[in-house]
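Reviewing the structure listed below.
Which chain is which? They are A, B, C, D and E, in the order written, and residues in each are numbered from 1.
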Amino acid sequence: MILPLDIILLIFLVIAAVLALKLRDLLSATMVFSIYGFLICLIWAEMGAVDVAFTEATVGAGISGALMIATIFKTARKSSD
Amino acid sequence: MENSIHSYLPLWACLSSLAAVPLILLFRRETFLREAVTILAGIAKLSFVLAMLPIILQGNMIELTLFGDGSDGLVPIVFRVDGLGMVFALVASILWIPTSIYSIGYMRGLKEHSQTRFYVFFAVSLFATLGVAFAGNLLTLYVFYEILSLSTWPLVTHHQDAEARRGGRSYLVHLLGTSIAFVIPAMIYVWVKSGTLDFGGQAILADTDLSYVQGLALLLAFAFGFSKGALMPLHSWLPSAMVAPTPVSALLHAVAVVKVGVFCIIRTVLNIFGMDLLGGLGIDLVLCWIAAITLVTASLIALTQDNLKRMLAFSTIGQLSYIILGIALLTEHAALGSILHIAMHAFGKITLFFCAGAIFVATGKKQISELNGLGRRMPITFAAFAIGAASVTGLPPMGGFLSKLYLVWGAAEAHQIALLCAFLISAVLNGAYFFPVVYRAFFLPEPEMDAIHADGSCCVSGWREAPLLCVLPLAFTAIGSILLFFFPSTFYDLASIVLHGGVANP
Amino acid sequence: MSEHLPVIVVLAPLFGAVIVGFFGSRDRRLCFPIALTALALSFICSIGVVHHVATVGAWDYFVGGWESPHGVGIQLRADGVNSLLLLAIAVVALLALVYSIRQDGEKDAEKSPFFYVLFLLLCVGLFGITITGDAFNVYVLIEITALTSYGLVAMGSSRRSRVAAFQYLVIGTVGASFYLIGVGYLYLAVGSLNMADIRAILAANPEIANSRIVGTALVFILLGVWTKMSLFPLHGWLPNAYSYCPSGSANLMAPLVTKVSVYVMIRILFSVFGLGVITENPGWSELVVLIAVGSIVAGSVMALTQREIKKMLCCLIVAEVGYMVGGTWLGDAGRWGLTGSMYHILADAMMTSCLFLAAGVFAKQFGATRLEHLSGLFRRSPWVAGAFTLGGLAMIGVPPMCGFFSKFYLIRGAIESGHWLYIVALLGSSLVNAILFFRIFEIAYFGEVPESSEPFEPSEGEGATPRRYAVWRTAPLLIAAALTLLLGIFNRPVIDLIRGTVVENTGIVSMEE
Amino acid sequence: MMEWMKTTIVPHFNFWIYVVIMMLGLWAAIGKNNLIKKLIGLSIFQTAILLLYVSMGVKEGASIPIVDETMGEAAVDFMAQGGGGAGATAFPINPDLFANPLPHVLMLTAIVVGVATLGVALALCQVIFRDFGTLEEPEILNQIKTIQDDV
Amino acid sequence: MQKLFATIAVIITGAILLNAVEDFPRFGDPHSPPNSGVSGGSVSSSVHYLQNTYLDTRVPNVVTAVLADYRGYDTLFETAVILTAGIAVFAILRVVRREDEEESAGSEEKACSGEFSTSDSDGEGRHRVVVGTTCRVVVPLAQLFGFYIIAHGHPSPGGGFQGGVVLGTSFILIALAAGLGSALGRLREDMYLRLACLGVFIYAGIGLLSLFFRRNFLDYGALSGLLQTGGEEMARSHGIFGVELGVAMTVTTVMFALFANLSTRGELKGGL
C-alpha cells in the first residue's frame, strides 16, 4: 500500500465517477465507466488485493463495458440526463 | 367445591352435529335421508347432553383440556361443563329437534331453494352453540362465538335478495365488528392482567387490582363486544336479521344466537369479574341501567310494530335485557331468575316464532293487522301463540312466571325500586303488545269470512292449519312451556348449582 | 446420509435446477418430474430437520467440516424457528410447483425448462437464507433469490411486468447492497462473519456493541431487509412486481420472499445483535413500531382502493409485513410479540399462498382478475370458493384460522409493552380485511352467474387453459386451504416449538412471573 | 484546517472516498431518468462497497496474500516438529506481512454478483426498449398510465 | 421531484455512514478487528487463514483456498448466481421465432435498432481483414491465457472466475470480429446452456462426493482415498482445482451467453 498513489488514484476515481454520470452520450459514458473500472482495478492492485484486481480488470473494465455497449447499440444512445 | 371429572362427552356432544355435515352433503340428493340425518344428529346431541346431566346434578364438573395444559402460560382449548353451561346446552339441544322437524315442514311447505346449504350451516351453528355452552376458558368461548357468527351468516342471508344482503351485512358488521374491536383486546387484557383465562374455580379477575375506570371499560367492552346480547344501542342487527327463514329466526334469533350473547355476558359477570368484584367496584349499576333502558325502550318499540316477526324481534331484545339485568343485579334470586329465564323465554319465544312461521306458511300473512279472525281457522296455532305470549309476558301457569317472579324478587332484594318498576312496566308492556294479536285472531271478525258465516256453513271447513310438521313442534314447545311451570326442578337445581358452586358464596 | 439433512435441503433444488437445465431443453416433459422430485426431497429433509430440532434441539452443520476454530468455515444452523420455516417453504413451493405445471402448446413453451430452473434456484435461495448461520452467506443467497425473482417477474407477458421487474431490480439491488454495507461495518467492528461468533464478541465487549459502527451496521442491515420485505415507506415496488408476474411464480414469491426477509430481520436481531437492542433503545423501537403501524395502515388503505384481486392481495402483504415487524420490535418482557410474529411468518406464508393460488385459479379457470368477475363463484365452483373463503377468514383473523392466533399473541405482546397504537392498527386492519373479503364473498355468493359459463375474455398473460389441467391447479389450492385451517387448529405444537427457541435464544424465564 | 485534515481525513481517506462514491452511485440509481444511467449508478454504488471492504483488509507494509512455497514448507516442518502450534512467535508465517484475504474473497463474490445483476438489468432494458421504444423512465411511466387496463 | 427525493435520501445515508467513519480503525492498521480479531470471539479467521492455509491445503494463494475451500459454500452459490443470470437473460430476452412471425419481426428490428447496428451481411468489408487477422492471432493467445489463469490459480492470482471471463471474452472477440454466427458455430446455444449447468453440477458434485465418505459437504479432504493422494492436504488442493474448473466452465459460457443475447436483442442472429 502506497498512500500517495492511493490518494491520487482515488481522486481520479471520483472524477471518473462524476464524469460517467454526467455525460449525456451513453456511449462515452460507458467508456468512462470502463475507465473507472480500470482505475479501481489499479486501486485494488495497489492495496494488495491482486485477485480482486484481476477480476475487476476482466469483469469491470472488460465484460460490463462490452455488455453495456451491446445494449446501447440495440437501444438508444442519447440520454436525457 | 365440585370435583371435576375428565370425560370426552362434551366434545362428542359438540361434534355430533358437526359430524352430520358430511352426511348431509352426501345425501344432498335424497331429501328424506338428508333430513333424517339432521334429526338423528339432534337426537344424538341431546342424548349426549342428557348423559352428562346427572353428573352435573350431583354437583360435579366435566372437564376436557385439549392442546396442552395451561402450565406453560399458553392458553389451551378447554371444555368444562358446569351448571350454567348445562342449562344452556339442555335448552339448545332440546329445542333443536322440534326446530329441525319444523324446518322440514317449513322448507317443504315453501319449496325453499338450496335447502342442503341451510341444513349444513344449521348443524354447524348448533356445533358452535354447544361449544360456547361448554367452553372452559375465554379463548375457547371466543373461538366458538366467532364460528357461530360466521356459520349463521349464510342462514340469515338465505333468500339472497337485496333485503337479505342488507340484513346480512348489518348482522356481520355488528357481530364481527364488535367482537374483533372490543372482545379481543378485552380478552387479552384480562389475560395479561391475571395470567389465565380459565373459568374454573374463582372468578378470573377476582384478586386483581382493577381501577374503577379499567373495570368499567372492560365490563362495557365485554357487554357490547358480545353484541349477540343485543344491548342497545347495538341491537339493530336483530330486527334486520329477521329476513331469515322463520326456523332460523326461531332457533337462532330466539334461542341460540341471542342466548349465546347473554350467556357470554353472564359468564363475564360470574366467571370473569365475579359478583364480589363487580359489587365492590360498583360498576354493576351501569350495566343494570343500560339493560333497564333497553328493556323499556325495546318493549315500547315493539308496541309500534305491525310486522309480526319484527315485533317478536323487539320483544326478544327486551327479554334479553331481563336476563342481563337480572344477572347484573348481583343478588342470588335475581341471578337465579335470569338463569331460569334463559330456559323459560327460550321455550316461550320459540313457540311464538313457530306460530308466526306457521301463519306465514298457511296464509302468507306477515302483518299483525291482517290476522283478524285467523284464530278460528288456525286454532291450534293461535292457542300455542297465546300460551307462548303468556309465558313470555310472565303469567301463571307458564314457565315465564317463575323466572320473572325471581327477577322481581331479586330486584326487591337489591332495593332497586326503579329497576323493579322497570321490570313491572315492561311486563305490562309485553302484555300490551302480545294480547291484541290474540284478541284480533280470535274475536275480531275476518272480513272475507262473513260470507261463509252467512250461509251458515260450519267453520270447520275453514280449518286451514299449517302442515302437520309445522304444527306438531309448536304444540310441543307450547306444552313444554306450561310443563316448565309445574316441573322447573331440573333447571332450578342447575341454576342453584351455578350460584352456590360458581360464585364464592350465596 | 441423515446427518447431512440441513445441507441436502438446500442442495436438492440446486441439483434439480442443474439437471433440469441440462436435460430439460432436450425433452421438456422431463422438467416437471425432476423439479417435483427435487422439491419433494427437500420437503422430506425439512421434515427430518424439524423432527430432529423438536426432539434433540438446535442443529449445527459445518460446511467443509471446518468446525474448529469456530467461524473459519460456514455454519448452517437449524433451530425452532427456521426449521419450521424450511418446512413452510417446502410446502408452499411444492404447491406452487404443482400449480404451475406447464404444458406444450402454451406460448413460449420453449422457455418452460428455464422457468423451472429459475423456480428451483429461487427455492435454493429461500432455503439457504433460512438455514445459514453466516452473515455474508445470507447476502449471496439474497442475490440468488433476487435475480431469480427478476427473471420470473419479467417472464410475465404484460408489458408492465418488465418495468415492474426493472424497478424491483434497482430497489432490490440497493437493498441488498445496504445489507452488504451493514455486514461490512459489522465485520469491521468485530472481525468475524459467523453469526454466533459475532454474538459472542458483542456480548463479551459492550464497548464495541455500543459503538457507532455497530449501530450503523444495524441501521443498514435493517434498511436492507426492510427494502427487501417492502416495509412502508419502501413498499412501492411490491404491488406491481407481484401482480404482473405470471401467477405460477407469484404463488411462490408473494408468500415466501417477504416472509424470508422478515425472518432474516428476526434472525439478525436475536442471534447477532441480541434483543437487547430493542429493549435498551426504547426510542428507536418506538419509531420502528410506528413505521410498522404506518405500513399496516398504508397496506390496508391501498388494498381498499384496489379492484384487482392480485393487486389487493399484494397490498395486504404490505400490511402483514407491518404486523410482523411491529410484533418483533414490541420488546415486551414475555417475548409474546416475537412469538406472535414468528408464528405469523408461518401462518401468513400459508394463507397468502392459499389466496394467491385462489387468485391464480380464478384467472386461469374463470378469467376473473377483478372483483366483479367473481360474481356467482359459489355456484360455479363451490370448492374453489370455499378454499378462498378459508384463506380470507384466516386473513381477517377469525378463529380457528391461523391468522387469529398470531394476532392473539401479537396483541398480548402489544398490551404488555403498552403499544396501544399498534393494537388499534392491528384491529383496524383486521376490520378492513373483513370488509375487503366479505365484499368479495358477497359478490361471489349473491352475484348472478354470468350466462356464458365459458371463461371471460382471458386476460393478458393468463391464457385460459384446457380443462384437464384444472385439477393440477385446484388441488394445491384445496391443500393450502386445509393447511391454513390445520395450522390454526393445531397451533399449539408450533407455538411450543417457537417459544422454546425464543426462550432459549433470549433467555427469558418461560412465562408468567 | 490542515490539522483537521491530518487527523480526520487522511487516516480514513479511503473510507471518505467510499462514502462519496457510494452517494454518487446511489443518487444516480435513484434519481436518474435514463435506465442505463441508473445501471451505471448502480454499478458505481456496488464498487463503492467493494472499496469499503477491501480497504478494511489493508495492512501497512503488507504484501499480497500469497504465501510462497518456501515459507509454507517452513511452516509445515514447524508443525511437523510439533512446535507450539499456530500463533506461537516462532511460527514462520507472520500474518501482519500479508493483506487480509477474507475481504478479497468476499469481494470476488460481490463483483460476480454485480456483473450478473448488470447482465439481467441490461436484458430488461432491451425488452423495455422493445416494448416502449424508449429508455427514459418518465416516458415509460406515461405510456403505462395509458394502458391502465391490460392486466 | 424524484431527483429531490434522491438527493435527500442520499445525503441522509451519507451522513449516517460518515458519522460512523469517524471511529473506524486507522486505514492500514494491521491490528484492526478485521485483521487480527477481537477478544471474546473465536480466533480471527483472517489470521487463521494466513497461517493455516498452506498447512491445510498446500495452496500458496490464500485467496483461492479461502474462496474454494473454507468459504466454498459461498462460492458454490456465487456460481449459481452466474448460472441464474444466464438463465434469466435467456428467459427475459430470448425470442424464439416461429416462421410465420419472421418477416414482421425483421421489419420491427430494422425499425428500432440503434444507429450502430451493422449485421453480418454487410460485415464483409475491408475493415474485416484487419480485425480478422488480429483476431486470428489474439484469440488463441487469449484462450491459452485463460486456461493458464484457471490452472495456475493455486500459486498465483487467478482462478476460475478470472480465467472463465477471459475465455468468455475470447469467444466475444470471435463474435465481434467474425460475426456472432461463427462464434455460435464454435459454441452452440443449447451447448453453452448445458455447459453452464454442467459447471455448477461439477462444483456441487465434487462437494457431494464427500458425503459418501461420511464427511460434511464440500470437505475435499474426504477425497484423499479416491484421488490416491497422500494426506488430505493434496486432496484439498485437487478438490479446489476441480471446483475451479466447474466455475470456469459456468463463467465462460454465461459471459458469452450474456453477450450473445444482449448484442442481438435475444435473436442470436446478425449481431453488432
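Definition applied: a residue touches a chain if its C-beta (ideal position, glycine included) is under 8 Å from a C-beta of that chain, and two chains touch if they have at least 3 such contacts.
Predicted model only: the values in this text are computed from it and were never measured.
Identification of common neighbours of chain C and chain E yields D.
The chains in contact with chain A as well as with chain D are E. Summarising the inter-chain layout, the chain whose CA centre lies farthest from the centre of chain E is B. Farthest from chain C, judged by the mean position of CA atoms in each chain, is B. Chain pairs B-C and D-E differ in how many C-beta pairs are in contact, and the one with more is D-E. For this pair, chain A with chain C, the centres built from the Cα atoms lie 37 Å apart.
Centre-to-centre spacing of chain B and chain C amounts to 44 Å, using the average Cα coordinate of each chain. The distance from the centre of chain D to the centre of chain E, with each centre set as the mean of the Cα atoms, comes to 15 Å.
A straight line joining the Cα centres of chain A and chain E is 18 Å long.
Shared interface positions of chain B, defined as residues touching 2 or more other chains, are absent. Each of residues 1, 3, 50-51, 55, 59, 63, 67, 70-72, 74-76 in chain A touches at least two other chains. In chain C, the positions touching at least two other chains are 136, 140, 143, 147, 150-151, 154, 162, 165, 181, 187-188, 193. Chains touching one another, given as pairs, are A-D, A-E, B-C, C-D, C-E, D-E. Put simply, chain C touches chain D in their complex at residues 136, 139-140, 143, 146-147, 150-151, 154, 158-160, 162-163, 165-166, 169-170, 173-174, 177, 180-181, 184, 187-188, 193, 243-244, 308, 310, 369-370, 459-461. Put simply, chain E touches chain A in their complex at residues 28, 61, 63-64, 67, 113-117, 149, 157-159, 161-162, 165-166, 168-169, 172, 255, 258-259, 262-265, 272. Contact residues on chain E toward chain D in their complex (touch as defined above): 2-3, 5-7, 9-11, 13-14, 17-18, 21-22, 24, 26-32, 34-36, 43, 45-55, 58, 60-63, 66-67, 71, 74-75, 78, 81-82, 84-86, 88-89, 92-93, 112, 155-157, 161, 251, 258, 261-262, 265-266. Remark: chain B residues 67-68, 72-74, 76, 139, 142-143, 146-147, 150, 154, 157, 160, 165, 168-169, 172, 176-177, 180-181, 184-185, 188-189, 191-192, 195 touch chain C in the complex.
Taken together, the chain D residues at the contact with chain C in this complex read 22, 26, 29-30, 35, 38, 42, 45-46, 49, 52-53, 56, 102-103, 106, 109-110, 113, 116-117, 120-121, 123-125, 127-128, 131-132, 140-141, 144, 147, 150-151.
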